[in-house]
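Read from first to last, the chains carry the letters A, B, C and D; within each, the first residue is number 1.
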Amino acid sequence: MKKLNWGMIGGGESSQIGPAHRLGAQADGNFVLAAGALDVNAEKGRAYAQSLGVAVDRAYANWQEMLEGERAREDRVDLVTVATPNSTHFEITKAFLEAGFNVLCEKPMTMTVEEGEEIVRVAEASGTICAVNYCYSAYPMVREMRQMVKTGQIGKVRLVVANFSHGHHGDASDADNPRVRWRYDPAMAGVSGQFADCGIHALHMAGFIAGDEVRSLSADFASTIPSRTLEDDAMVNFRMEGGTVGRLWTSSVAIGRQHGFDIQVFGETGGMRWSSEQPNQVFYTPVGGRTQIIEKGESGLSDEAARLSRVAIAHPEGFPLAVANIYVDLAAAIRGETRDALPSATDGLRSMAAVYAAVESAKADGTWVDARPPMLR
Amino acid sequence: MKKLNWGMIGGGESSQIGPAHRLGAQADGNFVLAAGALDVNAEKGRAYAQSLGVAVDRAYANWQEMLEGERAREDRVDLVTVATPNSTHFEITKAFLEAGFNVLCEKPMTMTVEEGEEIVRVAEASGTICAVNYCYSAYPMVREMRQMVKTGQIGKVRLVVANFSHGHHGDASDADNPRVRWRYDPAMAGVSGQFADCGIHALHMAGFIAGDEVRSLSADFASTIPSRTLEDDAMVNFRMEGGTVGRLWTSSVAIGRQHGFDIQVFGETGGMRWSSEQPNQVFYTPVGGRTQIIEKGESGLSDEAARLSRVAIAHPEGFPLAVANIYVDLAAAIRGETRDALPSATDGLRSMAAVYAAVESAKADGTWVDARPPMLR
Amino acid sequence: MKKLNWGMIGGGESSQIGPAHRLGAQADGNFVLAAGALDVNAEKGRAYAQSLGVAVDRAYANWQEMLEGERAREDRVDLVTVATPNSTHFEITKAFLEAGFNVLCEKPMTMTVEEGEEIVRVAEASGTICAVNYCYSAYPMVREMRQMVKTGQIGKVRLVVANFSHGHHGDASDADNPRVRWRYDPAMAGVSGQFADCGIHALHMAGFIAGDEVRSLSADFASTIPSRTLEDDAMVNFRMEGGTVGRLWTSSVAIGRQHGFDIQVFGETGGMRWSSEQPNQVFYTPVGGRTQIIEKGESGLSDEAARLSRVAIAHPEGFPLAVANIYVDLAAAIRGETRDALPSATDGLRSMAAVYAAVESAKADGTWVDARPPMLR
Amino acid sequence: MKKLNWGMIGGGESSQIGPAHRLGAQADGNFVLAAGALDVNAEKGRAYAQSLGVAVDRAYANWQEMLEGERAREDRVDLVTVATPNSTHFEITKAFLEAGFNVLCEKPMTMTVEEGEEIVRVAEASGTICAVNYCYSAYPMVREMRQMVKTGQIGKVRLVVANFSHGHHGDASDADNPRVRWRYDPAMAGVSGQFADCGIHALHMAGFIAGDEVRSLSADFASTIPSRTLEDDAMVNFRMEGGTVGRLWTSSVAIGRQHGFDIQVFGETGGMRWSSEQPNQVFYTPVGGRTQIIEKGESGLSDEAARLSRVAIAHPEGFPLAVANIYVDLAAAIRGETRDALPSATDGLRSMAAVYAAVESAKADGTWVDARPPMLR
């Protein structure tokens, strides 16, 4: 099968997220890095792109040049990944969508709900693919859970309990470290800290697995390190459209939790749980029965899980290959197959609406707030 | 050392809790069952008491006779355990305290806050011991956590996250089973279901370990099985007097969780977690360091933990011996030693105030409510 | 039900094992401590016995006096526990059996195979109960595994893999500590160190669960701390009468393992595993199926497991109550019920034969040796 | 950095191992697939190679043509991976080494010890890199353990206990399945079944971490499914050159174990353990201290571990990226850096010698046998 041409904006030499995208796009041989505007420093970006094998004329100085350059080519890139600082996602994504490119945007897709609605409209109008990198949803066993709900294996979902808590910002003496501080500074991070940064992954996954959407929520935010303006710990209660009750705890001061993203889903006839630190198993319990361990790679899994696993049962696959699974699905979608589990612009919009709703609720002492974007009410 | 005389009210032949108390009181040889009014059916109760070795004249028909009989004796019981239906705890406990007996009362100590305040006053006036059976707090490793906070090993406590969730009431087709139904029926259970039944253990433990008390709370209750009047799932956010943030989730529809009582405590310089299903370890992480596994029975533990462990490191001890530890401390306290970790009438009162506060908050869509009993504000 | 009279030999004030036996015998209300010869120091032993509630005339100076005293009484003890130093077990056990007493002997039952055969003969001739304290076999979930094999749930057993490894003797600088040193000194410990001390529990359990007996074995012993004469690490391969393959590793220098006694049993149609550090679960996998977690206290367990559990599902029970389960079964057996899972004198004899066989094999570079006692070949 | 040219022999469309190598070689952007002879069916192989982007003139019909074709080119491949059926590894590897190519050979490197010695000689004479794919040794945390031993963090290694056990061949009714049967048939698998297939990974890792080599061993083999000629379960005791005691259990009938490759290493001053199903942590216990959890990605790890991890702490990385790490090190070595942790032809030779020694020992009832290849004695 012919490789697809891939372009990246951001993800330069000092970027943390760049390597994950490059591995994700290239690991399975679907994409080849054909173009890039990798760095705010044009020279650095162009040199780095060439070191990664990009031809000199496609190693662009900035995203605007890349947009112009690529739209003019017959062999224009099939997919653009936007991995720039958060505040620029909206503008770049919108421009590429309007020019007819498929886009994978890092989260958050935008900084406001209005921008999110704009992206949804533009993506729809352009007929292109606009995906958002909620990569945890591409773990095979998360897909399996989604299919289990869809096929009724736990009955109607009553309750979802999701956590995304770590302790890596728990050291007050390190709180001024620039790599930490910006996340709690509204000037740089926007209206929310930990909830927007990590909690939103968990909220997306709740809807993703339950096959439902958040309707309303109530939030309790805390800045447990007093120098912080934005929250470093949050609890969000929510209700889904179908009545499912939700509980979501997220924290960055939970010292000892390393990457505590885990989810429990409880229905009328069964329950299940999954943890991102041991992502290759689901613990499933039918009501009145014993807990069973479902293994990635076991026979009888759904196609959604089976096709996203590369090695035999109990050979673990991890985070970088979950990112790669997003690219696997993008390649299939670009080639014309249906991939409705791919996180979309609508998902990015819903997240932003939830962030603003949570901020509003937290400021109003936990008042329940509509969490839906206006255009989807 | 001379054995102490022990009396039990309730805990008859069909009781589930009776055996745990008998094992708890007798396992370490501190108490001998000397008197009892074990059953609402007087004949059954008297016969069963005698089968357990109680002398015929101390196998009473009811608690009133026992009160009269024992107060008249020189060798009156040193301790009375009240293990009757919830709604009778107040009356019986009060009567025995007033007569100068030491009492261990099953939880809930009372059905209202006013009754709770009355018990606190009576206990104080009588100069006797009034303990409430928050038995989880007597696990050696829970005591160790409390000592670790007290001695500053995790710094000021920022955050406590406690869960007590199980799935044993998750089968809607079993919801009319009388052993399940009463818990969600206000006529029998009072104002709260799952929160009062299980959540309150977790709330007590949060204060117990943190060395602080709940000041205010906000609650979200749900009856995920619609036939239920009272909640089967609850989330409670709270703040402690010293500013600590609290999160407490409790559920009885979390299918697959068996006995999911666990707690995480995060401070300025470290975090720790403990789980009731693996109660002999604490996972402790100093800020910036590696997670360490602290084992019951290891050298260097606090005296509070060390004296409540009976066998060598990694030989597990379980729930019945946590109950036994309550009796170990009661025996010591009766013999005149200080045992300030024993859950007291004040703890029972605070629990009741928190239950009423949570109910009030849940009815008012999560409004924050003062959770302190009036007499302790 | 009338309590049974119980006597103890050894288990004095400084004994580590004494408290476990007292808790075990008394926790469930079956036995009352009626007589004792608790210490080599007669005065100390008599005083301590009285402090535990033994009448002055049954607080004996030594086991010989106790034998004389008790055999003369109408209310003689129903059971004698022998918890003295290893080298005295044979003589005391034999004497009490010959006098018609039921005996629970600590392991090892004897120091030689010949003595073991003598005990078996005497026990048979006397018609009394002679049990050996392989207490791990009385965990409810170990009983469940035995029943699962018996009822064919894993088919014919192909393979048993058992470990009993800890690291508490791994510090060479502590090797001369008297509490450690004697175990590796043939003058005190006999022919074997770690294998006789811990490994033998695992070997017993292998036969107990498989429902079979060891026929031959090959051993590799090592003294990894050179100052030791006896082995501190051993591997024993074996074959059972029915052809089952066995692998047993035991170590006392496995630093980081706390109480690593665990067993895996693999049959034609399933496998299962159990660990003494988490004794309330069995992990069971039917061939071709998912691993299931079987919980102590779940519905549908065998009577052997169900009647030895005291509290609800997922309320852990631990080591002291496994010892108590031995006493539960002893009480039932004394009262005339059948309790064929009780470890018997024959089990004690087989252990001793296996120890001698392993020593012989290890000295002969792993030559396969008949592991059966001569009288059972 | 310029990409390296990579060629693959075997690993065609139906191969299970091919995708792992392609992902491994390409994930980090070091290699580009430039040439291949991917299938015994020449047409299929050529077509498949082209579908993967190989130029038509480098999509070879067989390895002989590839050898001729590549040696004639200036841009000849920098590395050849040999992933053909086991019995062909020797011939192909030898031919490419002699022609001056760097080779990564799948295990087993050869079918006999003599062939292994020949490869070692040829590799040495040619001055090329000859690596063998013991990919588990490239997990970051396995490298960390090796470094911990090297830097004395657990003192002199006393004992290594390694297991590689699974249950995927435990179904006798599936034993004639061709994908299973060949492994136990000497005509296809050679002298050993499960030990050569899986056990040898564990034996390699024992030496790799301990920094020592096996000197002698004693083996017990069993065919627990009677239709099998070769062993499906094996226990191997061994001694290393420096005196370290070794225990290795491997099985393919351990129903319920999925991928039970784990290792424990015990030294004079500490112990540690690692499991392939949770490969991102090491549990480390200093003598007399608490067990600590070392996380991939934590600060302060050795360079060997740090440079082989791609994402932040507690973001799991799995098996395919361990294979990729072999290629990371190969790329570095080809570019002239020192990578002495790369498994070499000597490692492949030692493995073969150990396999033959184990077979000889097992046939001789466990007699101890020299496990070293003649040329290394």
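Just so it is clear, a contact is a pair of C-beta atoms (placed from the backbone, for glycine too) under 8 Å apart; a residue touches a chain by one contact, two chains touch by 3 or more.
Since the model is a prediction, treat every value here as computed from it, not as a measurement.
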item	value
Interface residue overlap between copies chain A and chain B, same or different (over half shared)	same
Selected pair, greater C-beta contact count between C-D and B-C	C-D
Distance between the centres, which are taken as Cα means, of chain C and chain A, whole angstrom	55
Between chain D and chain C, distance of the C-alpha-averaged centres to the nearest whole Å	42
Gap in Å, rounded to a whole number, between the CA centres of chain C and chain B	35
Contacts with two or more other chains, residues of chain C listed in rising order	291, 295
Residues of chain B that touch chain C when the two form their complex	1, 3, 16, 19-20, 22-23, 26-29, 51-53, 166, 168, 258-259, 276-280, 295, 310-321
Contact set on chain B toward chain A in their complex	154, 158-159, 161, 167, 170-172, 218, 220, 222, 224-225, 233, 235, 237, 245, 247, 249, 251, 253-257, 264, 266-268, 270-273, 283-288, 291, 365-368
For the chain B and chain D complex, residues of the former touching the latter	290-295, 298
